[in-house]
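Chains: A, B, C, D and E, in written order; residue numbering restarts at 1 for each.
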Amino acid sequence: MKRRYFLKFIGAGGIGTGLGMLFGQAIKPPGAKLIPYLIPPEDVIPGLANYYASLCTQCPAGCGVLVKIMDGRAKKVEGNPLHPVSGGKLCVRGQAGLQALYNPDRVQGPMRRKGARGSTSFEPISWEEAIGEVTTRLNDLSAKGESDKLYFLTPELGGHLGKLADDFMAGYGSSNTIKYDLFDYRNLRYANRASMGIKAIPHYDIENTKYLLSFGADFASTWLSPVGMSRGYGEMRQGGHTGRGKFVQVEPRLSLTAANADEWVPAKPGTEAVLALAIAKEIVDSGHYKGSDLKTWKKLLSPFGLSYASEVTDVDKKRIRHIAKEFMSTRPSLAVGGEGISGYSNGVSGLVAVNILNHVAGNLGIKGGVQANSNDLFGGNDADTVGAGIQTLINAAKESKVGLLFHYNNNPAFTTPGSAKAADALKNVPFIVSFSSFLDETTALSDIILPSHTSFEDWGDDFTNPAPGFQVATIMQPVVSSVYKTRSLGDIFIGIGKAVGGTAKAKMPNDTFATHLKASWKRLYAKDKGMSASSFTFETFWRETLARGGWWNEKSAKKRKLSVSTRSVARHVSKEPAKFEGESSKYPLYLLPYAQAGHLDGRGANIPWLQELPDPITSVVWDSWVEINPKTAKRLGVKMGDMAEIESPFGKVLSPVYVYEGIRPDTVAIPIGQVHKLYGRYAEKRGANPLEILPSTVDTRTEVYALNSTRVRIAKVSRPGDLVKMDVYTDELGRGIVQTVPTGGQFKKSSHH
Amino acid sequence: MKNLIVNFIILVIFVVTLGVGYLIADQYIGRAPEQPINFSHKIHAGTNEIPCMYCHIYAERAKVSGAPNVQRCMGCHKIIKTESPEIKKLAGYWERQEPIPWIKVHNLPDHVDFTHKRHIKAGRKCQECHGPVETMDRVTRVASLKMGWCLKCHAKYNVKNGRECWTCHI
Amino acid sequence: MENISYNEVNEDVVRTMTHTTWKYWVALVTCAVMATVLWGGAWAYQIYVGQGVTGLNTPTFWGIYLANFVFWIGISHSGTLLSAILFITATPWRRSIYRSAEAITFFSVLTAALFIFVHMGRPWNFYWTMPYPTTRQLWVNFTSPIMFDVFAISTYMTSSVIFLYFGSIPDLAAVRDRVTGWRKPIYTYLALGWRGTEAEWHWLSKSYTFFAVFIIPLAVSVHSIVSWDFALSMVPGLNKTIFAPYFVVGAIFSGTAAIVTLMVILRKSLKFEKYITMMHFDKLCLLLLVMSLLWSYINVVEVFSDWYANTSVENETLRYRMFMPPHSYMYWLMIITNSIMPLLFIFKKLRTSIFVCVVVSIGINVGMWIERYLIVATTLPRKYLPNMWHGYTPSLIEISITVGSFFFFAMLFLIFVKVWPSVSIYEVKEDIGIPMRKGFKRH
Amino acid sequence: MSGILTKLKDKLQSYRVPGYRTKFEYKWTMVVDLDRCNGCEACVVACYAENNLPVVGKRDCDISRRFSWIRIERYIEGEYPDVKVKFIPIMCQHCDAAPCELGCPVYATYHNQDGLNVQVYNRCVGTFTCATYCTYDVRRFNWFTYKWDSPLEQQLNPDVTVREMGVMEKCTFCIQRIRVAKDTAKDEGRKVTDGDVQTACMQSCPTDAITFGDLNDPNSKVSKLAKSPRRYRLLEELNTDPSVIYLKRVMDEKKGHGSSHG
Amino acid sequence: MNQPVLGLFKYVDSMVEAAVMLKDTGYTVTVFSPIPLGAELDPIIVRKNYIKYFSLIGGIIGLLFGIILTLGTAAMYVLPRGGLPLWPATPTLLLTYESTILVGVIFTLMGFFVIARLPYYGKKRFYTPKVALDSFGLLVEDIQEDKIEEVEKLLHDYGANEVNRVEQP
């Protein structure tokens, strides 16, 4: 090789290497920043998680949770293992609550309406300005002597927050606190009080029962306390210590809970009460019931003969007798009545019938049956009474009796039946103040939004209802600093109260809700012997309680005798079946709107995890649907995924069809919770809301909407459906994927007869 | 013709060495970024012999060693050398209640799950990875922090599960 | 072919390389642009956005790309067959067509290899599939059929390039002697200083025999290995022992059909009627007929073995493939093109009809592509757990890349006919015979 | 020389198939009691929260690209009114003879000493082979670079990598939690004991259907449950030797009612 | 200097006759041809096949390479794969098979280059393009000055179309 070339090569190599190195240095990222703490928090080690006990508020069950915090951010919500209800477990909604905290569509600070009502055009204002404006309005109202025109619409507010709100209302001079939740348990409370005289929801001891007869209680996904009940369910099935319990579900639609039942009894909608009473009659007639009032029971139940019941309910006579026989002979047994029985126009009667059934079978007040709960600790919480309901508010609003409306965290514009026209009524209200954290349909109607904290940012407590037989008080503490410029609802009330002055100010002795809560607990500590015995001082008790997540004392469980007397229930027992709107000739199908596992009454619809969570039964994601029996579908000429129009006397909605074997041919079902007009990017413009076509039938005693009280007709529409379901095929094809063993051997172990 | 070939070869050599140079720069030339405060480990750890764990308080307990918090710096520098311009900078941060935005010298990719704790507990000296920091005025990275470098050491000390992927990657 | 002179052969072949019509340029530019846009553009988009632009989904992780990969690997078997097998068996009619066939081999293997990268999630890390020592002390997984592929295809590609180039050395020398200008130095280098001495010829033919011997088992192994990509999985419909011969037969079948198609084009466009005669089509079509019968036999065996097994998993795959639209349409079209249409070749008259040859061979290639497509698209959506079953529809990007690959191949082939003697000069001369005083002596 | 050979022999034999799991310290196993499982899907959300699984949206759900590492499969059989719905949670089965491990060309999925099937994200090149070979369809692929709408990304678990585009992933048996447990155990100079490691799904399961633990520990809960007569493993005939043991659901498959008592 | 003489023949048999004659006389003859000539040249030269040794050695090296690569690296880099031995038979066989062929092919090519002494880009070897066309060339070397014409005549006599004196390169 010539030397010239050699030098050239060497030169090229050298320059190349040099440039490469320069280039390598130049394009290196400037380097992440290493931001140290200014002052290190004591209990934080970076990269290690801290767990703080708190309370889940995604549904009213009141589970104790642990929130995993790393570097100041909430990372995960888990059940609190010490907590008697959640026991370290948590349901879908509880865990997904995190995405409500970090939801991109939250209201990020106080806002004032700019455009027309409902136009969602708001301008941000400061907190001082917002509270000042609310105060002015309140003062104007009281100056006119119309303090009573202040209404406060809220879901059940747990614990001392509810009390503080009540104090405020009382101090201001209004008694109009309206508690509303689409799926609250007012019917259940009412029926229990009417039949058994108890105020608190009793403990249904599924764990220890041997035979569970459920009338439409979807406890696996939504009813009452899904986590606590599912824990009990697991123990009932394979707890080992008692042998496997049997589970029968009466329901026109095979819900998630019914899918787990050993037997599914698809009774005709609205006749569950008759079935319960027929079973009760069988039990009474068989001589199993040995009470002194046997004769009156016999007389009371005499109309519910087998042949009558079988005809009405569409359940085989033999089967009713068989269930009755098993129900009384398997000890202990337990009957529960859920949304599926309380959601009819005669809901209270149905729940009373379930209580009668429990009574005659001897399931009241025993282990594995129904156990009374007390709420002595908190003392006379109004939560246990059934006060004025939403219909009162709507009527008042319609008649312009509402001068000012405080509205917190429920969404009547969405969760009331379309024919109740709640949104229109609210438009009559001159000034609406919303404390909601999300811009939902109702909040959009408000004039000023004072967004409140989510449960992760706030203080609070809850006296769990239903409690597991003894009192459980769960404390909620702020585990993260607030993500946006929101405030604690308690602080807002205190702020407004102090600004309003007068009695309202006098009722607010503390400056912040945090101190108020602690002070209130100090009073409880002084009152309750169990608490004071557990720690030397209140401070240590408070610290321990915060660490533990609350206060509960299993020893405080009191055995209380429960009974149902014929006198108290007589007026609730009637042969009259549930009423359905629409003539059966024109509207041949019963409509069952039901709470979907992920969204409950629609509050979970803005959470992407829950939207993408397949429905436990249908596996549909990001949508709602109408469940139709294949026979009916064939008759109507619709296929899976087709769009169908569901028409009731009150309107029509469009929904994709889900053809489902597990529903009666004369019934269709639609999950509630989708098709929000407003509720953030994940919830909007999707699916069908069956509430829009429901009548505003209420039980006047409880003001609970009878959701299952209309008939519908269904017609295919030509628009293509876009149903997305994760399971395209649900046939096992004999591949032995879910293997089973017959129940025979299992039952032998546990049978006592 | 011949020139064409020669030029082509030169081009090839150039491109190849460019890559080589880049790799060398990436692998072997340590980072030594300029920091917001001209902090000298030489003075602190070298001259004054302050132990590493005195400031990097999390090294024994957590994955990260933790840059010292501003309070800790101020703990000494409220009294010591308060006149120095660099300390004034520090005091400025403290007054404004701002953390100091140090620039990371030893930056690992996201998918590496390195823990200081295990290494300290296994008796490794800080200097084995970070070099003689006590002699550096400005901290310079001495190791490539590449996977091969990690594994070499794991092999040297015969670490249990030292070559399992999940030891560092999850 | 006795009426062609040696000189004429050289002239004819070199003419195709030096004399270019505008039609050629139109074709080349069209192919290049289409390949760049349809393949390059779509691939760039796919790399940037992610594999999500395809129609792939959770049970069906392999789609049209794998079908293309197998298809192109299959096409590559033409060269091996015509060149190596017919060389070993001393079949004289291979001589005027084997060069193009070998080129097809190389280009289709190249296309196929690119499809491996196309279907990768992180193609920029492709080199991790190569066994090279790293400081990370990581090594490739030799049990993976994908690794077998990497080895087999790189070996096959190397060997077929060597085979193609080696056999062309004397021709490159001949071209070197006739071209001028900028082509001269290039071919001078490529010809390696070939002089045509008796010794060079001797060693050339000896080595060539070895290459042929090496490449035949290699080709068989390559396609067996490709079949094991599927057969080593436990997916019902893929986990079959017959897959290796099925793939090899299918490969030779489709490769031969591809050659028939390309020969017709070559013959027309380069005016090679003298060299590629009806006799060649006759023989190739006979070969197609034989392969078709073999393919049909194996196909029937495959179906029957599933049918006799009569398990839920096998039945479902069969049902999905044979009786559920849209795959059933494709399946029965495949049966028509691959099993029924080639039966036309029973008649000599049809074997020597260019039109019939083209129609049937294109049909076979379509059918063979469908076969590969159905292998992935009808098995993976029907794995063991019915709950996860989900069909597969290729997206526009995938179709674009697929179409682009054909243009890419065409582009390579068009470039090839311009830069390489596409008919073997010296072997055609051999075919003409060795000139003796008494006339030509044929081998 | 002989020393090297002995070492080599040990090395090679230590990973051979028969009974190799017992040679190592742990053998992580999951027992899923189908009789307890009521299909509520709490495990699915727990997995989303723990493992930074992205939400893909309706369109991608439609073409079956949902990310859940654990899924509830439901099989509906029978006609009204004798309808049976059966649930089964399916996650990566961590097969001892895993088909996926055979397929990966770059060794991004391998078997670790605890019997886990480990996926190394940063080694993955995305050939899909593992997912194709997987007989349980549990592998998920990052089709895109998934984004979290701010501030949802603040929830991401820093212990778990956020996977990049083009990478295969799957259930890890919450290996980050196993690591934390091992780390703590090492600090305290003991072995990981039963109950130290809770996978996210197990932790959330309200009915306690999922149990996780060490099968090599004869006193662990999983060891005891694994001896149940109801034990079976999913698609056992394929000989993949899964680490997930299912307990059969107790139910009467036969049609009709009223005769199901003993 | 001895000037070589090139005779270009149209027919192979006449060339072979001339070559046999010249070779017997003691000249060094080299045959150039546009096509491979096999048995026709047997009267002039019979060559042994050395290529096969290269192929064989290549094959053996490839075989060993494959075995070392698969088994050796498996022992070096312990990759536990569930259900598979660290030294699995099938991949070892397969990869060894492939590498045997690969190295075999490469060695055969090398062997050809070595034996045929290609590539050669210099100018020291005689070549005329005509032999790549349609003529068979016979290059006669080692001719003494005085014998050149005799050889030329001989070539003409045996039927060469063209006889040239070639420049000694």
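Convention: a residue touches a chain if its C-beta (ideal position, glycine included) is under 8 Å from a C-beta of that chain, and two chains touch if they have at least 3 such contacts.
Computed from a predicted model, the values in this text were never measured in an experiment.
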#### Entry: Chain hops separating subunit C from subunit B, counting only touching neighbours
1
### Query
Can you list every chain that touches subunit A and also touches subunit E?
C, D
### Furthest chain, CA centroid comparison against subunit A
E
### Most central chain, judged by mean C-alpha position against the global CA mean
D
### From subunit D, the most remote chain by mean C-alpha position
E
## Note on the structure
Winner on contact count, chain pair A-D
### Message
Roughly how far is subunit D from subunit E, centre to centre by C-alpha average, rounded to an integer in Å?
### Response
62
### Query
Where the CA atoms of subunit B average out and where those of subunit D average out, how many Å apart are those spots?
37
### Message
So the centre of each chain is just the mean of its C-alpha atoms; given that, what is the distance between subunit A and subunit D in Å?
### Response
31
#### Entry: subunit A: positions in contact with at least two other chains
47, 727, 730-732, 735, 737
#### Entry: Touching two or more other chains - residue numbers and ranges from subunit C
137-139, 141, 143, 147, 384-387, 390
### Message
Show the residues in subunit D shared as contacts by 2 or more other chains, in ascending order.
### Response
64, 66, 71, 73-75, 101-102, 107, 110, 112-113, 123, 235, 240
### Query
Name the touching chain pairs, would you?
A-B, A-C, A-D, B-C, B-D, C-D, C-E, D-E
### Message
Using the touch definition from the top, list the residues of subunit D that touch subunit B in their complex.
### Response
110, 112-113, 116, 118, 120-123, 159-162, 172, 175-176, 179, 183, 186-187
### Query
In the complex of these two chains, what residues of subunit B are touching subunit D?
109-111, 113, 115, 117-118, 121, 161, 164-166, 169-170
### Message
Residue numbers of subunit B touching subunit A in their complex, please.
### Response
6, 9-11, 13-26, 29, 31, 33, 57-58, 61-64, 66-71, 94, 97-105, 107
### Task
Provide the residue numbers of subunit A that touch subunit D in the complex, in ascending order.
47, 70-71, 73-79, 88-92, 95-96, 98-99, 101-104, 220-221, 226-227, 230-231, 233-235, 237-238, 244, 246, 254, 256-257, 259-260, 262-264, 266, 316, 318-319, 322, 326, 483, 597, 608-614, 616-617, 619, 621-623, 629-631, 661-665, 681, 722, 724, 726-727, 730-732, 735, 737-748, 751
### Task
Over in the complex, which subunit C residues touch subunit D? Could you list them?
49-52, 55-59, 61-62, 116, 119-123, 125-126, 128-129, 138-141, 143-147, 150, 229, 232-235, 380, 383-388, 390
